[in-house]
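See the structures that follow.
Two complexes are shown next, each including subunit A; its partner changes from subunit B in the first to subunit C in the second.
Let's look at the complex of A and B:
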């Protein structure tokens, strides 16, 4: 996926967060045009410009409209909204209901369990791509808040263990409110890692009938992890497996198989 | 009376509901709608009806949870139904409280006006000209309402009339009471 990077420098007297980017007046640097992605792709969260600090941003899809105006007519576009909003919460049951409907729709259109898991994986994948950017942005924001005056110091993770730690702690916490329970490396295969969640949230209220024993609905989250890792240039395949133990009947293991190219790069980096 | 309802809605939200970050919800819904659009070849009226069906299936199950959490008895009037739906129902499940407005002359139709819609956070409709005229992005909500109300013997017509994603001023759902259903014994049983 292509993305354009640019620094947006905002000059002006005072930034008023309640007003947003337009508060810094006509001296605001014009927004650069970015490649548009047609084909009717719906957009979910993509990073807008946060004009409080010069920010490096990249947009993933859809055309960036000039500040404020909109093809529909004069209304503000979603890019003016602040990403760092107060946390909005929703009931777990709404999420479970929605997830249930999603599975049932895909069940009707799939001919096999494998196909169903693939579809769930794809749905999670698109979310993972966007979620990586959102989570990284927010981590930078928190760093900026706590470290007074220091510029944004978060770096891209290029080592396997680092990116996996990022997934286990930051991404899991922002999605589910707590970090994942365990991160393990497989002893048999060098390129396999496992993220373990003792009580995955989405499938808490799902019970599997006999015919669908092989299906693990957490394939959705597996897809999300795959999306996150793929867009950080760690080519991999992620699958979800149920491994119940005594206290945790729904314990799920996300098996991450990294590609050869990733292992080679890792070896090269370690050798340096 | 309505303050009491609002209070109970808030209480249930605070105490009995397990909460989750709404972003996962928003993102999941977004990917569902995009998958539907792709599968139906951007035939938005088909997508709308699919979303409605999905919502209907959710609604017929959601009503059980709603009744269990709120422990409310039968509403005495349609007005009361409207208040309960907006202040308790939506509060418990979506943590938003739409305002009830635009009552029709015969008190059989009301509108629910949303100031914020967690399903459509940071969403922009595709720019292909058709979407902003044909797609009701949050149509699943109308389905949920119809399903839930039907399970309490209120046959209603629920539909969107405006949506900020389409460029309108507000997001509004109209609920029109068609009839009050009678419980019937299924054919063949005594």
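Let's look at the complex of A and C:
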């Protein structure tokens, strides 16, 4: 397979914002012979699965009616799967290798440790902005399964301690399958809080060499927390610091510094 | 069944990792860094020669494992005081264990598997490690030491 050919292929896979959710979903039409068609196609005609079975993919509208009916050949789009699955688990190995490559790529393109940390932080930030929505949807759904049929609208936390509790319990559990180990308030500064994780998942296999001692790869998660807090109107800066203790060599402290405006709002809310 | 030392040799014969553990009554004396390279190179060479001279029909088909690709080469050197076990992964990495003489090949195999597992987790998933370079990963050291200490007690 030539490299130019595979480039054309890639365009057919993945999310195409000009087409919308359909672009990664199953397709309706039989596939044309040329691989030049963009979007809308599950994969290129050159792959054996699609070329031999052109008509078996049900349409998008079908898939909305019955889930599972279009799992032909093991191909289901993520849009056909329920948002509220009981388990949301992925392979830790795959995640570790992916995260390793994210660091490697950014390491090669960064001039300094500070720049690398900022880049990882930015990557996490964009995820955090969106992740808040999904996490709060899921937690409300699960809570309301047990209670009487309340609506699935999320409760929005407006106080600092409440939102931090939400991050420590809900966000942490949905990301890592366990709550964070500790939440502390800085004794020196009123606007600083610390979330402590004794054994962070992403850096479980990463040992820092001497020349990168100041770097903590959990900057990615720090960015994610910052994204979550920012999109819930708690402007802040989050940084990750490695603070190893006995038995926990990768223990990490996430330092959260809230903005002045948040502290003013908090004081106003408390005064009420 | 104590483990005295763990060596790792890359597929090209360079020494990636060497660790002598503090075990009471260990017959392995500490070498200087040059001697480690010589030992690694020698073992690599002997292994290569032995795999060339082994007749392929002598290899039992059921004597092969998913994780150990050392089918033709040198497997074990036995002496009065210690055994040297040579195991090879599918990528040609050799993991060499110096153990006490009571550790036979079948007994050494789980030990090798564990060290291999730690290598895969704590070395290969480390973004700061370059393939075929000497291994310097604190977490890997910790894990291997923790495991060996448990056995050596």
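In the analysis below, the second predicted complex is superposed on the first by the 185 of 272 C-alpha atoms of A that agree within 3 Å, B and C clash if a C-alpha of one lies under 4 Å from a C-alpha of the other, contacts with A are read in each partner's own complex, and residues count from 1 in each chain.
Rule of thumb we're sticking to: a contact is a pair of C-beta atoms (placed from the backbone, for glycine too) under 8 Å apart; a residue touches a chain by one contact, two chains touch by 3 or more.
From a predicted model like this one, the values you see are computed outputs, not experimental measurements.
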### Message
So in the superposed three-chain picture, is A:177 touching just subunit B, just subunit C, both, or none of them (first/second/both/neither)?
### Response
first
### Message
Going by the contact rule set out at the top, does A:161 touch subunit B (first), subunit C (second), both, or neither?
### Response
neither
#### Entry: First (subunit B), second (subunit C), both or neither touched by A:131
first
### Query
Is A:104 touching the first partner subunit B, the second partner subunit C, both, or neither of them?
both
### Task
Between subunit B and subunit C, pick out the one touching the greater number of residues of subunit A.
B
### Task
State whether A:87 touches subunit B only (first), subunit C only (second), both chains, or neither.
first
### Task
Could you say whether A:208 touches subunit B, subunit C, both of them, or neither, answering first, second, both or neither?
second
### Task
Considering only the touch criterion stated at the top, classify A:249 as touching first (subunit B), second (subunit C), both, or neither.
second
### Task
Starting from the residues of subunit A touching subunit B, keep only those that also touch subunit C in the other complex, and list them.
93, 97, 99-101, 104
### Query
Which residues of subunit A touch subunit C in their complex?
93, 96-97, 99-101, 103-104, 107, 205-209, 212, 217, 249-250
### Query
Given the complex with subunit A, which residues does subunit C contribute to the contact?
121-122, 125-128, 136-140, 142
### Task
Name, in rising order, each residue of subunit B that touches subunit A in their complex.
13, 17-37, 39, 42, 50, 54, 57-58, 61-62, 65, 92-95, 118, 121-128, 131-132, 140, 166-167
### Touch list for subunit A against partner subunit B, complex
38, 40-46, 62-63, 70-73, 75, 77-78, 81, 87-95, 97-102, 104-105, 109, 119, 122-124, 126-127, 130-131, 134, 174-177, 201, 220
